[in-house]
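Before I ask anything, here is the structure I am working with.
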Amino acid sequence: MPETGRPTNGSNAGGVRVGVYVCHCGTNIAGTVDVRAVSEYAAGLPGVVVSRDYKYMCSDPGQALIQHDIQELALNRIVVASCSPLLHEPTFRRALDRAGLNPFLLQVVNIREQVSWVHLDKQAATAKANDLVRAAVRRVFLHKPLQRRRVPINPNVLVVGGGITGIHAALTLAEAGKHVYLVEREPTIGGHMAMFDKTFPTLDCAACILTPKMTAVGSHPGITLWTYSEVVKVAGYVGNYRVQVKRKPRYIIEDLCLGCQECVTACVYKEGKTPDEFNLGLSKRKPVYLPFPQAVPQKVVIDPETCIEFKSKKCKKTCVEACGDRQAIDFTQKETLEEIEVGTIILATGFKTFDAGRNPYYGYGRYPNVYTSLEVERLINAAGPTGGELLLRDGKRPQAVGIVHCVGSRDANTNRWCSKVCCMYSLKLAHLIKERTGAEVYNFYIDMRTPGKGYEEFYDRLLDEGVHFVRGRVAEVTDWAAHPSEKGKLVIRAEDTLAAFVRRIPVDMVVLSVGLEPQLDAQAVRRIFNISCSSEGWFLERHPKLAPVRTFTEGVYIAGACQGPKDIPDSVAHAGAAAAEALALIDAQFVELEPYTAFIFEDACSGCKSCIPLCPYQAISFAEEKKKATINEVLCKGCGTCVAGCPSSSIQQNFFEDEEIFEEIEGVLAYA
Amino acid sequence: MKCAYYPGCSLRGTGKAYEESLLAVFRSLGIEVQELDDWNCCGATTYLSVDELTSYALAARNLALAERERMDIIAPCAACYLVLNKTQHYIRDYPDIKTVVSRALATVGLEYHDRVRVRHPLDVFLNDVGLKAIAAKVVRPLKGLKVAPYYGCQIVRPYATFDDQRNPTSMDQLLEACGATVVPYPLKTRCCGGSQKGTLPEIGLHLIRYLIAEAQKNGADTIATVCPLCQFNLECFQKEAGSQRHPLSIPVLYFTQLMALALGAPAATIGLRRSLVPVEPLLAAKEIAYA
Amino acid sequence: MELKRTVKFEADRDPEFARWISHTVGGERIRHCLQCGLCSASCPLSLYMDYTPRRLMHLSREGFKEEVLSSSSIWLCTACYACMVACPKKINITHLMYALKERAIEERFYPKRFPIPVMAQQFCRMVRGSGRITESWLILRVFLRTAIWRLLSMSGLGWKLFRAGRMPARRDKIQRQHEIVAMLDSVAATRKELAL
Amino acid sequence: MRNRQLTRAPQPQAAFEPRIVAFFCNWCTYLAADLTGTSRMKYAPNVRVIRLMCSGRVDPQFVLDAFAQGADGVLIGGCHPGDCHYQEGNYRTLRRYHLLRRLLRQMGIEEERFRLEWISAAEADRVRNAINDMVERVRALGPLQLEPKREDREEVAV
């Protein structure tokens, strides 16, 4: 046993014996806070039996030190001054538990994230650490042994979003024998990946690798697939969520529709009139349609906005006729609400692409031959509107194509972040465009970012293919010809920073490599699931490195591009990680909840009922026979709002009792 | 095996001392050489910039002449060594070049089948004779003589055939075997400017200045070179490259002159008197007897 | 102040030049250039260059022929091969410099009385005439055609070298000079035939 | 130990360092404060943070006690409206905050000494700015001058 233990004033206040442990955290704390002085100071506080400082309290020897002291010195309260309690409170609580002390007789003082890392003045930092330790010692006096609540885990899982991330997560869980509800907003699953032609860097066709997974989702007995549906409400808590799903009417009885599309052929519209969402408006669809040939489920949809029957009620309904005996078409279908119970939730709601119109100087929407990269994905897709031929709006083949990187990325005027996938998909498009049209292809980039397996090699291959790489951000795209060779062309103006002069490059087609953004309704969605967003609007993970798919809400996981820009391999890996986290929870069969619930001193309760409306979980009710409020512990989530609102102080919260907080307040303010 | 000695044009002019001392070392070490019959200019770096195809043909004539005699070539001049090596590589790598060269050789009744090795004296001394054998033959150890070994560019670049490309040490080892002290010389493979001193004098002088100043700073008594052009640049323009505040003066010798001296060759036969910077005071100061 | 248009139009580019450079001997890998600048940083002459080797590689593969061939850099290159050995993409930069020099001489992209091409031409002429180079004669010829005054300033050095026996007055010559001439003519003929 | 008279006296007048007690909610502001640390942002060392699960737990008594015990300012940090981990706890905080501010004003405590900030888990810079700004403002106001009051709560046995 190390002999750094300091003599204390030895006063034994009511049998309370406190041990104080000050962590150096290498130099993380010790570099700014005089840990020895803090430990010495703590040794002089009333009730402190032992006070030590140690290099790494969280290490095994550090924990053993506490355990040893508890047993040898009969300690019954522990204060650890170290990193944030959000990091190692569980570690130290386990240490107490192992030593036979109730884990809640511990108070952790945050002297790293909120002291040593944020202050430069060593003296002030040490004084602050002393104050915080003093408050903790005073507070821990009042701590009471508490018991965690165990709740069972419902093995069903909800996966929100049917892109490649959601698909992979759902399949992984279903294969593990769990029941999965996969909810997708669009009429089909597949997400953005279904729109792509080829995938980088291997150039395997997106449909070839995606559609088998899509059909597997559609036919898996363990997956309930609800497309054209949205989650509207989530209640409950980890392991026991109650979720309401809104199912929009597709005016087709899914169980009866075979996907034969005879109704589509028979529709009174001989030609499509509505911009096709899946092809980004580059083609037209009818009011009754299948989003794309490999859609899952293979069920058509009727769009009430454009269907004549909905407008005039006077349509000949040739579709119904074509459907015949199957009678799958139902114009009277209404929106329904389904309620399901799940134990865990995986959010895989993906991203949206940047609206290129926000950068007007690139001429998107003004010049017909300025496209977004996603549109070009559709144009070069064999199943796309042009059958895979890259043609300009006038049907001609482009002779020169400019690909503009970082549109809506790395730009303080729009989005500051790097969208991560654009370099690689731009290279892919450059390759495909050159291959299909033989055009001169110019890439305008700021930095070429190709960190991934086989990615740099792909870039090298593109270099060899003779694609031009101009390092510089494009200033503008215009149709103003400053030279005879520019007549009738779109002129891209950028500095070639490697050549160190400005270049004007006339092209026939401009591809804007748009960045990735959070979905427009990301804020609304995160509120439904009670999670946070980063300042950019991406869903916030619990820890950027060590808990990338967890959130601060237990049992709710995030996966894929809803957490930040990701390519397909990363999204799939993320999906697997989220599924594994959910499975780990399910297989544990129960989860322990913190015991921070509220309770009532019935003697003091006046029955004023003012607490009852304060509780968002309806955990407080009024017992008429006693004329007192009662709290249902199972429903209480431990926020403490009712405690603060009780006019007679007759509600208290475990671990956050009024007296405990008062001690802490007075502790930080009392002069030594 | 007898080798074909390919002196190259410079060793008949400014680099005369190189030839004299090299032959003396050959004699001392018992290496049998025979001058390549009717050798011609390799084309050097200059021909390459006017007409590279022709330059390969010119170099190939020498290769073919050696091949006919079934001998390997020893090329002491760094430029010759590189050009001959490079020609071999390009004939191997580019069928068009091979065609051009073969046809040109055929017009004068020559053939080339890539059976010749082009070697540098450093390589021959170090790997064929060996340090032990050389040390055994040293009669006049260069004790106390501090030498900066200067390899220049083309011995190790771009083809590192017998030494490390970034930090060659073959000459260091040979000189140490002769009893000399080799001083650290980080610029050992930095360019001397080649013919730049003749065409763009300021630039040539700039490069020469740093090479000499660094050798002097590191305490060298002399700089040892492997290339006639390097020797010429460093010796003949050192005065011009220096300034009043930082005068430059240091003998620049061929490594073969130092070796020949150690191996006991008569001083008169190794071209010491051809130096523009007098060598005698240095050798006297180091008590290296020579006669 | 003289103002010059610096913005480049695509019409300023010569795609044929770009094609040529990537198909010339040694230029096979130029397109792989990542523009890392290791060549420029390795080059002992880059501090005097108007375009560093890196920039020259980029301009060449993009086809900016005027800029490349009128650049001083191609003449400053001493063929020390430092760039080529360093290049992480194994681009034969030194050889490309030779190719550019050759092209620049062919298309007369150099100032009048510029000594480097003059020396190259005199060198070739001497090889054709003698089969070997006699340095003293070569230097004399070059200075006569470029800068006579420098000949005067060099005369001191020349005299010293002459006295040291390093400046032979007689021109060295091979015995079978006709072989050299025949070979040179053969190369010219084959080049024409194969359009190299 | 709780005698304010005794404890306040040694403070030298020249170098007034305000003492501020902060109540941060566990899910947003406390996290943001941790992020300030991991991002190594620097701020004034005058604030002592007390962690609560929700800003809705901040009992007005806590604030009053802090002022009574010698705090020169009190800062409450919670999730942005609509973002409360407990759905609507921060709305309760807001309501109590307005009431309490009025009460404090009547007690002669300047408004700037009592502050409520909405800081989400990602807004590390807001933690720094809020703390630095508040410290400066309170420093400008000087020490809180309160008539010493008799303890109205029972001592906890120590």
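As written, the chain order gives the labels A, B, C and D, with residue 1 at the start of each chain.
FYI, contacts are C-beta pairs under 8 Å (C-beta built on N, C-alpha and C of every residue); 3 or more make two chains touch, one makes a residue touch a chain.
Not measured: the values here are computed from a predicted model.
*Asks:* Is the number of contacting C-beta pairs greater for A-D or for A-C?
*Replies:* A-D
*Asks:* So, what's the distance in Å between the C-alpha centres of chain B and chain A?
*Replies:* Roughly 68 Å, centre to centre.
*Asks:* Between chain A and chain D, tell me the centre distance in angstrom, where each centre is the average of that chain's C-alpha atoms.
*Replies:* 32
*Asks:* Need the CA-centroid distance for the pair chain A / chain C, whole Å please.
*Replies:* Result: the chain centres lie 60 Å from each other.
*Asks:* Quick one: chain B and chain D, Cα centre-to-centre, how many Å?
*Replies:* Measuring from centre to centre gives 81 Å for this pair.
*Asks:* Does the chain-touch network form a line, ring, star, complete graph or other?
*Replies:* Graph shape here is a line: each chain touches the next, no loop.
*Asks:* Looking at the whole structure, which two-chain pairs count as touching?
*Replies:* Contacting pairs: A-C, A-D, B-C.
*Asks:* Provide the residue numbers of chain D that touch chain A in the complex, in ascending order.
*Replies:* Going through chain D, the ones touching chain A are 1-2, 7, 10, 19, 21, 26-28, 30-31, 33-34, 36-38, 40-43, 45, 48-54, 56-62, 65-66, 69-71, 82-83, 85-89, 92, 96, 120-123, 128, 153, 156-158.
*Asks:* Please give the residue numbers of chain C that touch chain B in the complex, ascending.
*Replies:* Touch list, chain C to chain B: 25, 44-45, 48, 75-76, 78-82, 84-85, 94, 98-99, 101-102, 105, 115-117, 119-121, 123-124, 127, 131-136, 139, 142, 150, 157, 160-161, 164-168, 172, 174-176, 179-180, 182-188, 190-191, 194, 196.
*Asks:* Which of the residues in chain C end up touching chain A in this complex?
*Replies:* Chain C reaches chain A through residues 6-11, 22, 31-35, 54-55, 58-59, 62, 64.
*Asks:* For a test of understanding, state which residues of chain A touch chain C in their complex under the given definition.
*Replies:* 460, 463-464, 466, 468, 471, 482-486, 496, 498-506
*Asks:* Where on chain B is chain C touching in the complex?
*Replies:* Contact set of chain B toward chain C: 9-10, 12-17, 38-41, 43-54, 57-58, 61, 90, 94, 96-97, 99-100, 103-108, 153-154, 157-158, 165, 189-191, 193-196, 198-201, 203, 206-207, 236, 273-276.
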